[in-house]
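Labels run A, B, C, D, E and F following the written order; every chain starts at residue 1.
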Amino acid sequence: MGGYGDVKLLREDGLRLDGRKIDEMRPIEIEAGILPGADGSAWVKHGLNIAVAAVYGPMEAHPRKIQRQDRCVIDVRYNMAPFSTSDRIRPGYNRRSREISKVTSEALESVVICERYPRSKIRVEIEILSAEAGTRCVGITAASVALADAGIPMRDLLVGVASGKVEDIVVLDLDKAEDNYGQADLPVGILPNTGEIAFLQMDGDLSPDEFNLAMEYNFKAAAEIHEIMVDALKRRYEGGEN
Amino acid sequence: MVALVPTLLRQELARLAESGARLDGRGQWEARDIVLETDCLYNGEGSAKVVWGDTIIYAGVKFEMRTPWPDRPNQGSLMCSAELRPIAGRKYEPGPPSPESIELGRVVDRGIRESGCIDMEKLCIVPGEKVWGVMIDIHVLSDQGNMFDACALAAIAALRTAIVPAERFDVGEDYTLKVKSTPIMASFTRVGGRYVFDPSAEEELGGDERIHITLGDEGHLHSLQKGLKGVFTPEEFAEIFDVAQSRCVDLRKLVANQEGN
Amino acid sequence: MVALVPTLLRQELARLAESGARLDGRGQWEARDIVLETDCLYNGEGSAKVVWGDTIIYAGVKFEMRTPWPDRPNQGSLMCSAELRPIAGRKYEPGPPSPESIELGRVVDRGIRESGCIDMEKLCIVPGEKVWGVMIDIHVLSDQGNMFDACALAAIAALRTAIVPAERFDVGEDYTLKVKSTPIMASFTRVGGRYVFDPSAEEELGGDERIHITLGDEGHLHSLQKGLKGVFTPEEFAEIFDVAQSRCVDLRKLVANQEGN
Amino acid sequence: MGGYGDVKLLREDGLRLDGRKIDEMRPIEIEAGILPGADGSAWVKHGLNIAVAAVYGPMEAHPRKIQRQDRCVIDVRYNMAPFSTSDRIRPGYNRRSREISKVTSEALESVVICERYPRSKIRVEIEILSAEAGTRCVGITAASVALADAGIPMRDLLVGVASGKVEDIVVLDLDKAEDNYGQADLPVGILPNTGEIAFLQMDGDLSPDEFNLAMEYNFKAAAEIHEIMVDALKRRYEGGEN
Amino acid sequence: MGGYGDVKLLREDGLRLDGRKIDEMRPIEIEAGILPGADGSAWVKHGLNIAVAAVYGPMEAHPRKIQRQDRCVIDVRYNMAPFSTSDRIRPGYNRRSREISKVTSEALESVVICERYPRSKIRVEIEILSAEAGTRCVGITAASVALADAGIPMRDLLVGVASGKVEDIVVLDLDKAEDNYGQADLPVGILPNTGEIAFLQMDGDLSPDEFNLAMEYNFKAAAEIHEIMVDALKRRYEGGEN
Amino acid sequence: MVALVPTLLRQELARLAESGARLDGRGQWEARDIVLETDCLYNGEGSAKVVWGDTIIYAGVKFEMRTPWPDRPNQGSLMCSAELRPIAGRKYEPGPPSPESIELGRVVDRGIRESGCIDMEKLCIVPGEKVWGVMIDIHVLSDQGNMFDACALAAIAALRTAIVPAERFDVGEDYTLKVKSTPIMASFTRVGGRYVFDPSAEEELGGDERIHITLGDEGHLHSLQKGLKGVFTPEEFAEIFDVAQSRCVDLRKLVANQEGN
């Protein structure tokens, strides 16, 4: 967290700079099945973030050394397009992307019924086309919908959501300024039906009580996002194959 | 459609070609539906999305401030590059840039650069000290045939809507980038023995060499590239060159219409 | 100990868990022996060695002089990274940094950075011109379980003993780096269905997901990370969070004692 | 093309700066079989360009995923030596070289009777030791002679040649100054016996008529170069094995 | 060799700056078996140098193309930790380390009875934690002890040792200042029982006579270091498994 | 010649060695024919071609202007590196620099650098601001045995004919680089149990360790390197060291003759 401290992020009326309430999400739109060549795909707009996810597979896992005898591996690549941020991102190797890809992959392996596909691989490609704070969560949400669109069996739809802290107040779903100048960020991946957590990161400064409040906001928001995800999948299948 | 195995597919394409037909019913020089949208990415200083049949391309323009090359102190620079990441299709693999993606970026780059549509001297801020570097990045979300033309279209459309972010860099007010012309690429692939315009994914799978032609506003050639295995005669080239002239005019209108919106 | 094959190992760990026992006889929240040594490397401006059970970690601090980022002219920088070279164990292979080593370095880095223990403005030498870059490098000599906690401990202990080499860089006299607090990481792995603190190599081999918690002097959270396959409930987190609070107090004393020497 | 515009490239008498006529090539020398350890090789001096090509193979193609069931692949590496240009070229990854290698490989696959060697690979190594504009064409010519020297069956000898435009005049075979300050460059690979084209690139500005004239020059020059290539191969075999 | 020439490296009394005699080594401490997870390991402190070596294997050599039918390969990685030197060393690719790894590997293959393990690989990892001139020799000594600790059969214990020249005088075992400002360095790997040499590098300026004297010093020192190595291995096995 | 399989080849080489013979009929210390040509590359500021038996090497010298290292403000730099690209022989593969090519470049580099033939202070243009960086690049076109000696010969011959391109960099008139001496490398490979000078490709294939010796004008050692698997005795070294002395004198004459042309 930047934590510059001298930037005002809350207005006199207690609302946030963009007019949202403390526990209010940015608007979310989701569309499933947008990439004709993929086995499953999704487009998620969350605030000004845009993430697209594609699923290819299950397919044979190779090289053989990545194969698991009793389950499939989920091979996730999270990537930010060069034009997705204010300063251009150079394509290629990137430590941040590698870390996010790793933990996202592990989170998805925790919800997919991997035992169904021994020795297989499922490729999940997450591309961030536009970034405005919280892209790893938006990517998780997109990947979940794409996996469902591909017909991959899952224990639950994994929902990506984050809360944070600005000016000593816990708030839901940081936007760009709040992320840059705020005090903490707590992105999680929630299974809304089971109430379990498959993805967890956090940085900044949170007291135990603040952490609990932030988690409460996250669970509440996950339920809301879950409905939008389900709705997108319904529209996709009611609309028939495209 | 289930992909036919290549040999069968080639036979089928040859059979269709004899009667002047194509797999999806199009005419030899007919394009699929094309939807062009610009200004579609929050952080791109210029941006475009092209949905060309089932091929989906995004292009974004970013500016950076840099010191000019010592031998060209009054000139900025332009760079177009393409990423062909594994999202683009089942056959694309992760790893360092493939020869395919390098060729794609460089062919689109040459068409735009050589058309002279950007005056490099207009990108100079302080001679010898500060110039603009213009970066066009092409991102292929779905390759379902004729990726080159779709990428070139997205690139020039994004460039033509770009705003120079002078304020963010503390060198004056933002202004629209001046782009003097609209270079357009038209590509042809040999399918079933004869060339077609705008091949589908199946036609590319069962086809041979392809020729990429970039034409400027006046119909001049700015870039040519022959790719993949195969040869052609000057007469064959003359035929597709004529088609390219008219297809480029059509596509250029698409860009102009979008700007008119 | 001969490593059991994973399936058998998992069964054995589950059986032990039912009776609250562990393979090596420890209690659920009990750590192995930990020996911390600082100032152990001739060329490190700060250094530490941690022997945590059979896990052996070195950390070294180096300073470099650099120009500050244009948007933060008064701030130096801190960077912590970890190398997981093939010496660390039979399973580690040569090659570019693995996702595991990147995660390790970044999780330790975030815990230290976000605790605010280093005042970046104190690392400024000449505003806009020269600042200190502080590099903490972690070198894993032997990974025999719970590498993350051992690395975090070595990193903060090395940092807290670092001397700024101002003389070598001709900017005054050497002085002790000011480190305002002692962020400590405590990690938990699900073994046999329940969490344990400080897993051994066998427990990691037969275990599931792990949770890394970094706490500051006041017990505030500065970094969290969940790794590997598995899910957990908020109630489970609440339990280990309480344990983490007390384990971090113990480990922080270890650092303080070492400094007292 | 640089296209600076203020550099004079044609003299008052209509000749070019180095005294050549508009449609005159630089001098070319070719020698076949110069590398004792290769299966085929060639040395080409074209103006001040020097290219050396070596052929190794046919050999088993591996890794297996590059194998084609019905033909061989031609694995071309075009490379400029660090000392081949005015400013030293750093060894290693280079986008320009990769592109030229790709299209040269595809051009050679178009003339070699690849069906003769299923599942095989032929390595073609092109090294530019000295560069003075037009190196990709010189490389193609050298590779062709090296393939013939290796006894690889080909439909025709592929000839690399380029025309261009300077001061609004179409000219054959640009030299360094013409390449730097000219208006267009049209390098092609021609099969002189069949009149087909296997390699084509172009950049700059050419009207349709200019393009046709430039192509005419290229075809005429290809016939001349072809003779020199055949001559080199004859000398090689008349001279016996070396 | 830096060879600045204007730095005094010898005192009026003929001793060196750190008080050593011309033919005196820095103090050496060796401990065997310090890494619980490795098949063999060693820790060597030589002056202010610290090297740790680990041995893993013999194990199957793969990829298969590195396999030798009649013997094992020794896969050595010599690496300097980022904090081992005065200026931080960036992790990653490094020409110096690659060269030292190659010649160290070849030296160890010359003393290990490689024929005992056909088609196998023995991994030797050498990590320099602290560097004060002569690290390649310290690494060789550490690797030797680690191989012995792993029970790998060897013709002899290979000993790493160096002599050099400062102020026109041949001296044994250069320290950092002597390495930076001296005139020559001659690091060798000696088999003390057979009197053979398996590792040899040299740079700087040595007359034939100076070379012979430097070699004489090296052989004498190798015998001394050999005793310390044997002693460490004895302590390891008398102390029992740890 | 058809390559014998290594085991048979080794037996044959051992048999020949007993009678003091070599596969190609040469004496133990006899070199193949060597042709040295300089000034053979249009763009090299110095250049040389060596045809040594069937081994063919090019070396080129380029200059660049750079800022000196802070701790050596009056000194330029010299760098010699070798590329062992796949053209050099059937066994060479594309990819990042192999350990073999790194060793080759570094051993040649050390011989030249340590001989002191280039005065680094003479490469200074403006102290603390501008110095010359001299780059010698070695390009192996054909490796048919004893590549090291051929590369070292090409490198020093190219360096000794180099012209400093001061005009191109706007710092005065071009002038001949001052090279004070002619360090020469002689290499020996154990073949059939005894050392030979200038091994052929077959001898290398069936041989063991090799020793590279670089000697200066006065016969002083400037660089040594032992490569590959094998050991040797001090007595064996003494023998080849004597041979190296006379071989280096011969080769040095070759360089001098070429310069006399």
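In this section, a contact is a pair of C-beta atoms (placed from the backbone, for glycine too) under 8 Å apart; a residue touches a chain by one contact, two chains touch by 3 or more.
A quick note: this is a predicted structure, and the numbers were derived from the prediction, not measured.
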{"item": "Chain E and chain B - chains in contact with each", "value": "none"}
{"item": "Chain whose Cα centroid lies at the greatest distance from that of chain D", "value": "C"}
{"item": "Far-end chain from chain F, centres as C-alpha averages", "value": "A"}
{"item": "Chain A-chain D separation of Cα centroids, rounded to whole Å", "value": "51"}
{"item": "Chain D and chain F, separation of their C-alpha mean positions in angstrom", "value": "31"}
{"item": "Cα-centroid distance, chain C relative to chain F, in whole angstrom", "value": "48"}
{"item": "Per-residue overlap in chain F, given as positions that touch at least 2 other chains", "value": "96-97"}
{"item": "Arrangement of touching chains [line / ring / star / complete / other]", "value": "ring"}
{"item": "Cyclic ordering of chains (reference chain B, direction chain D)", "value": "B, D, F, E, C, A"}
{"item": "Residue numbers on chain A that touch chain C, as the complex places them", "value": "1, 3, 93, 95-96, 98-99, 101-103, 106-107, 109-111, 184, 186, 191, 194-208, 211, 215, 219"}
{"item": "Chain D contact footprint on chain F (complex, rising order)", "value": "41-44, 47, 54, 56, 58-62, 64, 81, 83, 85-90, 94, 96-97, 135, 137, 139, 141-144, 168, 201"}
{"item": "In the complex, chain E residues that touch chain C", "value": "34-38, 48, 50, 52, 54, 56, 77, 79, 81-88, 91-92, 123, 125, 127, 129-132"}
{"item": "List of chain B residues in touch with chain D within their complex", "value": "96-97, 99-100, 102-103, 105-106, 110, 113-116, 209, 211, 216, 218-234, 237, 241"}
